[in-house]
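Each chain gets a letter, A, B, C, D, E and F, in the order it is written, and its residues are counted from 1.
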Amino acid sequence: MHIRVINPNTTTDMTSAIGEAARLIAAPGTHVTTTQPAHGPVSIESHFDEAISAVGVLEEVLTGEREQVDAYVIACFGDPGLQAARELTRAPVIGIAEAAFHMASLISTRFSIVTTLGRTGIIAEHLLDQYGFRHHCRRVRAAEIPVLDLEENADAALDRVITECQRAKEEDNIGAIVLGCGGMAKLTGQIRDAVGLPVVEGVTAAVKLAEALAGLGLQTSKHGDLAFPRPKSFVGRYEHLSYLDLQSKDRG
Amino acid sequence: MHIRVINPNTTTDMTSAIGEAARLIAAPGTHVTTTQPAHGPVSIESHFDEAISAVGVLEEVLTGEREQVDAYVIACFGDPGLQAARELTRAPVIGIAEAAFHMASLISTRFSIVTTLGRTGIIAEHLLDQYGFRHHCRRVRAAEIPVLDLEENADAALDRVITECQRAKEEDNIGAIVLGCGGMAKLTGQIRDAVGLPVVEGVTAAVKLAEALAGLGLQTSKHGDLAFPRPKSFVGRYEHLSYLDLQSKDRG
Amino acid sequence: MHIRVINPNTTTDMTSAIGEAARLIAAPGTHVTTTQPAHGPVSIESHFDEAISAVGVLEEVLTGEREQVDAYVIACFGDPGLQAARELTRAPVIGIAEAAFHMASLISTRFSIVTTLGRTGIIAEHLLDQYGFRHHCRRVRAAEIPVLDLEENADAALDRVITECQRAKEEDNIGAIVLGCGGMAKLTGQIRDAVGLPVVEGVTAAVKLAEALAGLGLQTSKHGDLAFPRPKSFVGRYEHLSYLDLQSKDRG
Amino acid sequence: MHIRVINPNTTTDMTSAIGEAARLIAAPGTHVTTTQPAHGPVSIESHFDEAISAVGVLEEVLTGEREQVDAYVIACFGDPGLQAARELTRAPVIGIAEAAFHMASLISTRFSIVTTLGRTGIIAEHLLDQYGFRHHCRRVRAAEIPVLDLEENADAALDRVITECQRAKEEDNIGAIVLGCGGMAKLTGQIRDAVGLPVVEGVTAAVKLAEALAGLGLQTSKHGDLAFPRPKSFVGRYEHLSYLDLQSKDRG
Amino acid sequence: MHIRVINPNTTTDMTSAIGEAARLIAAPGTHVTTTQPAHGPVSIESHFDEAISAVGVLEEVLTGEREQVDAYVIACFGDPGLQAARELTRAPVIGIAEAAFHMASLISTRFSIVTTLGRTGIIAEHLLDQYGFRHHCRRVRAAEIPVLDLEENADAALDRVITECQRAKEEDNIGAIVLGCGGMAKLTGQIRDAVGLPVVEGVTAAVKLAEALAGLGLQTSKHGDLAFPRPKSFVGRYEHLSYLDLQSKDRG
Amino acid sequence: MHIRVINPNTTTDMTSAIGEAARLIAAPGTHVTTTQPAHGPVSIESHFDEAISAVGVLEEVLTGEREQVDAYVIACFGDPGLQAARELTRAPVIGIAEAAFHMASLISTRFSIVTTLGRTGIIAEHLLDQYGFRHHCRRVRAAEIPVLDLEENADAALDRVITECQRAKEEDNIGAIVLGCGGMAKLTGQIRDAVGLPVVEGVTAAVKLAEALAGLGLQTSKHGDLAFPRPKSFVGRYEHLSYLDLQSKDRG
C-alpha cells in the first residue's frame, strides 16, 4: 500500500525527519511517500498557522487522489484539515493527534501530553473533547520550545522535552506519555529510553493505523457527513478547486 | 464603532443580504461594513468548503486590522477560522453559530437548530460540544436545501425551512429555534411570524454581541492561547503572511 | 429601552453602586432603574440567603411588569430566581453570572472566577454545569471576604480581590477573569488595571446583553417550560401572588 | 427518630396523603410528623411556584430545629430549597427527587420519569444533571395533568399516569419508573400493580434514606459549603430570620 | 430481613470485621449473615484480583438464593460482580462503593475518596463515571497501604489513613470523606473522630440501603438488562452453573 | 509476531470461526493462534456470563505468557477481563469492542452498534462511556438473536442482523456500523455487501491494532495502575494463581 505522509508545514527538514520516522516504522509492503504544502507556514504554533496549513493539506490530498494514494497521514498534532480531508477521498486519513490518543488509550488507562508551546494546549484540549479522550488525558504539558527548535536546537529541545516528560511521570498518575508535535517523531526513542514509560508518538502511530485500516478493507465512509463535497465554483486563487469531480472518479 | 461583517463565502448577493440584515439591526452609532474573501467557495456546505473559506476570513481580518475595525463577525454557521481570527486582533470576533447559541440560551432553556444540508449537522454538533451548549440543543435538523437556494430559490427554500421549524416546534420540546445558516438572515422575520416561536439568527445576534463587548470595553484576550501568532515565514501564495508584525502595531 | 436592575439583597449602598455601574455602561437610549427587595437579606452568601432573596427578586419583576419594564438584570452572582423570573415576563431576564460566563467565553477560551467567600463556590459550580460552561472555567477562587466588606472595607477588600486575580493569572492558564460578585461592579476598572487581563463583570455584561436581546427583538420564550405560570391560589403572606393574570395582560 | 416530612405546597389534603404514605413506610422506631408552609402556593408547577415554596420549606426546617427534629424530607419533586435547608441543620435533609433517583439506580441501570406537567420536565433535567443521574434517565415523560388533579380528579389522573408509565415500559428500554410528583405517593401501589415494573416513589424513598443516614450516624456536613449561614440582618417580612444563632445552638 | 454480606476476598479476619461492622449498624429486625468465597484471592488490590473474586461473589449469591436471602452486600470497594449479581436475583444487591457514593452525596456536595493502594484508584474512577458521581468526587487519594495491613498492621495503617484523610480535609474543598476499602469498616469511628468531618464507609452504608430498599418493597428489576440470565451450558469447573433455573424458581 | 485470539466462551465452533476471521486478516508475518477457556459458558449474553468468562480469559493470558505470546485479543464484545488481562502482561491486550469503536471513529464521525440481544446493550453503553466514545455512537441496536444462533441458525441470524443494519443506515444519521458480537466476524463481508456502509467488526479490528502496537514497539504500561498484580495467596480452585511471579519473569 501507498501511504502519503503530509507534513502540514513547509519546512523540508521536518518533512524529511517525519518521513524517515514513518518509513522506519512502515510494514514491508508499505510504500511511504512524503510531501508538504507548496504554500503555507514553516511551522504550526497557533490556530492561525493551523488554518493556513489546512488548505495545503487538502491540496496535497487532492494531488494524492490523482496518484491513487491508499491512505494519508496528517503529520501535525492539531490534525489540521482532518475532517475536510476525509471528505475528499475514500482512502483513510489519520491525524497524528488522534492516532496517538487512540494508541495511548490501548496500553494505559491515563496519559499526559507533552507538547511544544503552551499556547497550543487549547488545540489539544479541543481535540480531546471532540474525539472522546478528555478523561483519558490527565494533563496537557508544554516544554515551551518553538517547533523549529526541534530541528535547529535539537539537543536543548530534547532536554526540555525529556524534563517535562519526567515531571509528567512523577506528578500526573499516568501510564503513558503522548508526544504533542510531529517534529518529535525522530526523538521518540531517546525520550522513551530517558523516561522509562511508554511514549506514544503520532506519526508512527498514524502509519500503523493507516496500515491497519487498509488491512481491514475499511475506507472513509461516503455515507452521510463525510461524503464527497458538492462540486461548486471557487474563485480567485482557489479557482482550481472548482467543480471537483470526486464522486464520478470515485474508485470506491 | 465599526463592525466588519465577513461573509466567508464569495457570493456577493449573500454578502449583501447579510450586510443588510446586519445594518438593520445595528445600533445608531454602529458602522457596519461587509466584505467577502477574494478567494474561496461560493457557498460553504462541507468541512472542505469551510477549511478553504477560513483562509479568506483571516485575510479579511488582517485587512480590517489595517483599517482599525472595532469588531468582526464571521457570518457562516460553522464559525470558520474563529479562534485563528481571534489570534490576529484585540478586536472582538464573533461567529454566528456561537452568537445564536448564546442568545438562544438566554431566552429559552432548550432549542433546536434548523440548518440547510444534513451533512453539515456534524459541524454544528462539534461546535455545540466545544462551546458548551450540547445539552441546550435538543436536535439539529436540516431542511435539505443547498445554501445558494436561499438566494436562487428563495420562496421554495423559505417554505422548507418554515416546515422544518414547525416540526421542531411540535416535536422537540423546545423554547426557541436557531437558524443554522447565514443565508437565512434575511428570512428571520418571515420565519418568526410563521412559526410563532422565538427564532434566533446568528448574523444579527453577532452584531449585537459585538456591540455589547465594545460597550464593555472587552477585547479578545492576548494573554495565553489567543495571543498574537509568533511572526514567521510563510511560503508560496501565503508569502504575504510572513512576519506579520501584529504585536508591535498592537493598539491594545 | 427600560432596564430594571434588581439588586437581590437589601443593602441600598450596594444597589446604588450596582446602579451606577449599570448606568455608566448603558447605551444612550437605555433607561436604567434600580431596585431592591423590600424583604430579604442584606447580603447573599449562602444557599439560604439566596433562596430568600429569590422571592424578593420575583416580586420586583412583578412590579416591573406593571411598569412595562423592557428587561431585567438579576444582580447577584448566584442568579437567584432566574428561571422563575423568566416565567413571569416576556421581557428578557439576565443573571449576572450567566452574563459574565457568556461574555468571558467570547474573548477567551478559558477563564477563572474570583468570588468573595469560598462557600459560595459550589453555587458557581452548579451554574457552570447548568449553563454549559464547566469546561471553560479553570478554577473557582475566593478572596475570602464577606460581601459587605466590598462596601464597608473597600480598600482592603479590593486588595484581596486583586491578589487573588493575580494568582489566577499566574497559575490557571487562562485568558480572562470573571468577577464573582455584584458588589465588585464598581471595582472592575481598578482590578482590570491592576491585573492586566480582561476582567469580566456581570452587572455590566448583563446590561449589554439585555440591550442586545432588545435590539434583536428577542423575548423570553413563552412556548414550553418558560410559559407564564398557571394562575393559582397562594396563601398567607404570599396571598398577593394568587391568580396572577399574566397571560391575559401579556403584551407579547 | 423523628422525621419531619415537609410538603412544600399548602394543600392540606396533599400533606395528609404524603404523611400517610410516609407513615406507612416508616420503621417502627420512626416518628413521622408532617407540615406545610403557612405561606405559599397550593401546588408547585413552575419555577415560580417552586421559588416561593422554598422559603416556606426553610421556615419549616427552622421550626423543626427548635423541636430537635432528626431528619427532614422535602416532598416536592423539584427538591425546592434543598441545599439551603441543608445549611440550616446538621440533620439530614432529603429531597424526594434525589431520593427516587438514588433508589432507582440501585435496582435498575436505566429509568424513566413520569411527571405531571411537561413544563416541569426541565426542573427534573436540571436536577438529573446536578445530582449526576443524567445518563441513568432515559426520558422525562409527562402525563399532562395538573398537580391538584391527583387529589381532585384522582381516578382520571391515575389512569393517565398509568398509561404514560406503560408507554415508558414499552418504548424506553428501562428497568424502573420514577414517579415525578409527591402527590403520586399514595398511588404507588396501584401504579406498580398496573405497570409490572419497579416503580420508585420519592416520599417513601426519602423516608427510608433519612432512616438510613440516621442509622449510620451521618449528618449534613458543616465543613465547607453546607456550613451554617453567616448570621446577618434580614429586613421586611423576613426580619425574623435575622441573626439566626444556628452555630452556637448547634447540637452537633 | 436477612442480609447476606459477602466479603469478596477470602480472608476470614476481614469477613469477621466486616460482619461485625454490619451487625452493629443493622436495624433490630435485620439478620446479618456473612460469607466469603471458597475460592479466590486473600485480598483485592488489582483488576485481576477483582475479576477472580467476582466469580466467588456470584457463587455466594446463588447460595444465598437457595437460602432465600433478602438482600446482598458486596463488601469490596470495586463492587466486583455487581451487575452480574443483580441478574441472579430479585433481591437488592448493593456494592459498598456505590453505597458510599450515594450516602456521601446526600450529606455533602463534594467528597474525596481515601483508598488503600493508588493503583486501585482507576477502579474507583471508572465506578464514579458509571454511577454518575464523577463531579461529586474531588479527588481519589491513596494511603498506599496493602489491604491486609488493615488487619495485620492495624495501628500503622490507621495512622496513614487518618493522615491522608486530614490532607483531604485541608486541601480538597470537600464536605465528606469516603473510605475506599471494606477493610476500613471497623476503623470508621476512629477516623471520624480524628478527622472531624463526616466519614462515609461503604459496608455500613450498604446495609442501610439494603434495609431501605427492603422497606420500600423495591427489588432488582427483572425487566430488561437485569433479567435472569438465559440458562445455558457451562463447562469445566463451572459446570455446576449450567442451566440455572432462576426464572422458574423466581419468588418475585 | 504471535497473536493469541481468546474466544471467551467455550464454543469451539465459534473459536474456529473467530480464528479463521483473524487469520484471514492477519499480516504475513503474524502467527495467529486461538484458544478458549477450559471452564466457562458456551456463550456470553449477560453480565453473569461475562463475569465467569473473564476468569477463563485471564487463565488463557497466563498460559500465553508462558508461551511468550506477543499480543492478545479478547474476542467477546463486552471486553471481559480486559483491564485485568493487561495487568498480567506487557504484551498488548485488545478487546474487540474497543477495537471496533476506535476503528469506526477513524472512518466516520458517528456510528451505531448492532448487537445480538438487547439486554447486552447496557454493557456496550458502559464501555462507550469508559472508553470515551459515548458521543460517537448514535444508537445501540439489537437483532434480538441468541449468540449461538449465529452458529446454529446462521442464515436466519444473518438476515436479522442485516435488517437491523439497514434500519440503522436509514434512521440513525451515521457513517458506519459496528458489529456487536464476536460471532459475527465471519459474516462481516456479507453484511458489508448487503448494507452498503462501512461495517466494522471487532475481531479483525483487534488483530490489526495488535499488529500496529507491536510494530510501534508499544507495550502495556507497567507504570501505575496496569502494573503486574502484587503476588498473593489464592485459595480453593484458584490456588494455582497464588504468588504469580510475573514481575521477576518479566521480559519487558
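Definition applied: contacts are C-beta pairs under 8 Å (C-beta built on N, C-alpha and C of every residue); 3 or more make two chains touch, one makes a residue touch a chain.
Keep in mind that what you see is a predicted model, and the values were worked out from it rather than measured.
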Inset, instruction - Could you let me know which interface, B-C or A-C, is made of more C-beta pairs in contact? - result: B-C
Inset, instruction - Going through E-F, D-F or A-C one by one, find the pair whose contacts repeat those of C-D for over half of the pairs by residue number. - result: E-F
Legend entry - Centre-to-centre distance between chain B and chain A (centres being mean Cα positions), rounded to whole Å: 28
Inset, instruction - Find the geometric centre of each of chain A and chain E from their Cα atoms only, then give the gap between the two centres in Å, rounded to an integer. - result: 44
Legend entry - In chain C, residues with contacts to at least two other chains: 83, 86, 109-110, 118, 121-122, 129, 135, 173, 224-225
Legend entry - All touching chain pairs, where touch follows the definition stated at the start: A-B, A-C, A-E, A-F, B-C, B-D, B-F, C-D, C-E, D-E, D-F, E-F
Inset, instruction - Within their complex, state which residues of chain E touch chain A. - result: 118, 121-122, 129
Legend entry - chain C residues within the chain D interface of the complex: 10, 37-43, 45-52, 54-55, 58, 81, 83-84, 86-88, 118-122, 126, 129-130, 146, 224-225, 227, 229-230, 232-238, 241
Legend entry - Residues of chain D touching chain E in the complex: 25, 27-28, 83, 86, 92, 94, 98, 102-103, 105-110, 131-136, 169, 173-176, 196-198, 200, 204-205, 208-209, 211-213, 215-216, 218-221, 223-226
Inset, instruction - State the interface residues of chain D toward chain F in the complex, per the touch definition above. - result: 109-110, 135, 173
